[in-house]
Amino acid sequence: MAPLSDATDTEEQPLALPGDGLREGIIEDLRRRIGEGVVDTHITANDDLWIRVQTGAWRQTAVALKAAGFTHFSFISGLDWMPSPFGKGEEDPTAEPKEPDTEIRQGVTGGETRFQVFARLVDLDRHVGVTIKADVPDEPFAVDSWSMVFAGANWHERECHEMFGIGFNGHPDLRNMYLPTDFEGYPLRKDFPLLARMIKPWPGIVDVEPMPVQPDVTDDGTAGEGSASDEPGAARGESEADAEPATSKGDE
Amino acid sequence: MTNLSDRQQLSYIASQAADARLNVELETEGMTLNIGPQHPATHGTLRIICRLDGEQVVWAEPSCGYMHRGYEKLTEVRTFPQVTTLVNRIDWLGSFANEVPFILAAEKLMEIEAPPRAQVIRTILFELSRIANVTLFLGDLGVQMGAITPVFLAFRDREYVLNLIEGATGGRFHPNFDRIGGLKDDLPKGWIDETRQTMVKLRKFCDIIDDLLFGNEIFQSRMRGIGIIPADIAKDYGLTGANLRASGVDYDLRRDQDIALSYDMADWKVWTHPDGDSWARCWVRLQETREACKIVEQLLDQIPAGPIMTKVPRIIKVPAGEAWVSTENPLGEMGYYVVSKGDLGPFRVKIRSASFNNISIVPWALKGVYVPDIITILASLYFILGDIDR
Amino acid sequence: MIQLAIEIPYWAQSVLRVLGGLVAVLLPAGTIVYLFLFKMMSFMQSRLGPMEAGPYGSLQLVAEVGKWMQKEDLAPDAADKSIFKIAPLVVLLSTFLLVVVIPFGPDALFTNFEVGIFYGLAVASVSVLGILIAGWASANKYSLLGGLRAAGQLIAYELPMVLATLGVVIQAGSMNLQQIVVAQNTGEIFGFGGVGNPYILTQFIGFVIFMIAVQAELTQAPFDMPIAESELVSGYMTEYSGFRFLIFFIAEFATAGVFALIASVLFLGGWGIPFDWFGWDTIDSVDNWMNLAGPLIMFTKMLVLTFIIMWVRFSFPRFREDQLQTFAWKVLIPLALANTALTAILKVAF
């Protein structure tokens, strides 16, 4: 059976890595196309490009960038800038609970709302990618859908909706992606607790009896792993002098 | 209906009957078939709901989430080094490859770079995990088609690669070896020679699979022309990896970005195929495995001496910022968007996994195909459930 | 009537015949399963196969049978129970009916049908009924798909099988299987009687078509769409477990063995070795010890043919249903027709 066709030999071409000039050109191009929609931009040198756009210009940005050559869709997701009120569940339960930090500080390219959507598009020919961000206003808690611009956005928006609750106007079928249909709550929001850490704080209070006291323990002064996990309060105070036991396992 | 006159009602009924005449006469009904979640063909618990008309699919819809572990939420309560352990388990066949983009993102935020020796070894382990992953794919491809022999050969030869990974990192499937600033340990003695010998065996395996499976006429007739995905649709859906390259798009993240891995030290080639059908996708992966063997062999000769880890503080606090790093993983493009607030752990990690996008094209790709072709197309798109569901 | 040194009453002969029939069906099944399915397949796939039960896993069969027998006899709630239960028996029945016409020696046979091969081919299609029943009565969409695929495939591949045997019948001049054996062993090729005239030499095309058709009749890869493990789990056998699945399992390999026996009768010269070697002329002049050696020779030839069937099974991926049908209708049947025509012409000419 004759092969239909085989791989074409790709010629050795010098790698065209995008420079910052190219990225600035992209920003200029986008400004020309959507004008006021561009709110803020950020370029890390020789590395990456962020553009924040107005919420109303979210879909326009997609259309404009697709026309400018950014035809490869990478992902859409959400960001919740409120610090988690629950913390990590690693605090000593016998100590005073710390005041949680409630200030909402957005990251690169700023923002005004607690929630933002962000997406990434790639131009395969110029080997450059761009991260687009937009604020999600509290009322209406939705942005326009990209699913009519990029077909792949369909699933990403479904996931973003079920995880954050962000609506997507114009999305044909906004059902849950991973969670059961009757799931209540939006898991990736910071005020949705991670149940596992609620039930059993890390590193996990072992609910077994402590080890019987050994008569001759050769103690070379370092915190033994066995004793540290049995009595969280006392042993922790003792081993605080050393490195934090919780992270020592992960460090080396 | 009651507002219409009798004549109108009769004509309405007549028109409905005329439309359904074929169905009424033949008394046919569409059949809804569930493929999965427990099924020998799906690489895990994926459920595909198909509506069939005879043996043809009218529409199909994957229903994922059986393996959703909530990784993005879990990363928020962990420190940066702890996330490595977590992230191993996304694509569990090529696990080292999952750690690398995250570590690179953290290093980018800290503005440090791993020493050259660590970078080269990282690349070697990355390619070994690619080989481990794709050899299983090649074997499994046979099983999906009904050829039960290649999978045993695949597992046998994959053992050699897993032994190598275990020798270097201590874990066959979940190495957890990458650290911010370098690697956990240096390579053991004799590892380089053994890797060289293993690459020879792997190349032989690729030749055997080429002969046994790809050269088989039945296999070719099952795969050629099935599931053609044109390049612009592929880009729209965000397909990456071999799926994109098999549609003729010449894009490989190992070559097309400036990243702290040592691909420029080796002389290798990016394989594309213009057809975009299932055959092309599988063929590209086979060639990529061979290419990966070549990269490993070349890099083994060029491992520079030096430290395996830069000086990083014992407790790692990554400065505030956002970083995106993606690499050419065995399944496609895997990327991490890491948001850090200067703490011990990340503030938010968005995991862009390759299989999520690869499978989002399934409703489009399965329209009008036969039931056996469902399996063919799914097999050629190649996904891992952990990657889809995170 | 077998001329024996001792007289056996008629009822004892019947019992012997029944036992012989059971052995003729189950022994090939067991041997094929152990030798080819467990060991040969394992060696081809660079592994050892079952090694635990008995030395080198030789008692694995006993373990398997025991395991299947002690399982619960389940039937799905929505299944049509009575039909569900008889389906495996129908498939096994066709195998037993088929083995009745096979001659194992000059006198070691069950019956001597004048239209042996005609009856054999007719009865072989009874298994299609069993598979259809299993697919429908299981109340499971996978089984239904498997059953429907099986119906189409098995019926389609009956025709090449029949047409392939036509050539043999024309050459032998008889439909009686015993006559076909004798014709092959007493025949001569251009005057040279040293190897008899096994029809595999002259009916080579017919042999290949027959083996392909047998592969399809047994729903073995590359024609195992009805089972298609990676799509339909087990096709029509999905809902069967325990004893009933064991019947299907045995039936599958027993049918493989029996078809191989028929193929060896038709193409390889059956129980005989060329009569020229011993100076026999007709069936009556064959010595009595051939009645003991005949089954052994048949067994050997069956093993050779089953080896080929199993070898192909482990190597090839499977056809898609429409490719399968195209292959049967557009390739095999015209080829078989051409073969028949050619045989007829040559028979008249020579």
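Should a chain be cited, it is by its letter among A, B and C, assigned in written order, with residues numbered from 1 in that chain.
Keep this in mind: a residue touches a chain if its C-beta (ideal position, glycine included) is under 8 Å from a C-beta of that chain, and two chains touch if they have at least 3 such contacts.
Being a predicted model, the structure only gives us computed values, none of them experimental.
Novice: In terms of CA centres, which chain lies closest to the overall middle?
Specialist: Located nearest the centre of all protein C-alpha atoms is chain B.
Novice: Among the chains here, which has the CA centroid at the largest distance from subunit A's centroid?
Specialist: Chain centre farthest from subunit A's centre: C.
Novice: Could you grab the centroid distance between subunit A and subunit B? Build each centroid from C-alpha atoms only and quote it in angstrom.
Specialist: 20
Novice: State, to the nearest whole Å, the distance from the C-alpha centre of subunit B to the C-alpha centre of subunit C.
Specialist: The answer is 44 Å.
Novice: With centres defined as the mean C-alpha position, give me the subunit A-subunit C separation in Å.
Specialist: Here the centre of subunit C sits 62 Å away from the centre of subunit A.
Novice: Where does subunit B touch two or more other chains at once, residue-wise?
Specialist: In subunit B, the residues touching two or more other chains are 221.
Novice: Of all the residues in subunit C, which ones touch at least 2 other chains?
Specialist: Not one residue in subunit C touches at least two other chains.
Novice: Provide the residue numbers of subunit A that touch subunit B in the complex, in ascending order.
Specialist: The touching residues are 1, 4-8, 10, 15, 17, 46-48, 50, 71-75, 77, 79-80, 83-84, 88-90, 105, 107-108, 118, 120, 124, 127, 129, 131, 150-152, 154-156, 163, 176-179, 187-188, 190, 194, 197, 202, 243-244, 247, 250-252.
Novice: Quick one: which bits of subunit B touch subunit A in the complex? Just the residue numbers, please.
Specialist: 64-65, 68, 70, 72-74, 76-79, 81-82, 84-85, 108, 184, 217, 220-221, 224-225, 232-233, 235-238, 249-251, 255-258, 269-275, 279, 283-284, 287, 314-316, 320-324, 326, 333, 335, 337, 339, 341, 344-345, 347-348, 350, 352, 356-357, 360-361, 364, 389
Novice: Over in the complex, which subunit C residues touch subunit B? Could you list them?
Specialist: The contact residues of subunit C facing subunit B are 41, 44-47, 141-142, 145, 221-222, 224-225, 228-231, 233, 314-323.
Novice: Spell out the residues on subunit B that touch subunit C in their complex, using ranges where they run on.
Specialist: Residues in contact with subunit C: 31, 33, 35, 39-41, 55, 142-149, 152-153, 156, 212-213, 216, 218-219, 221-222, 370-375.
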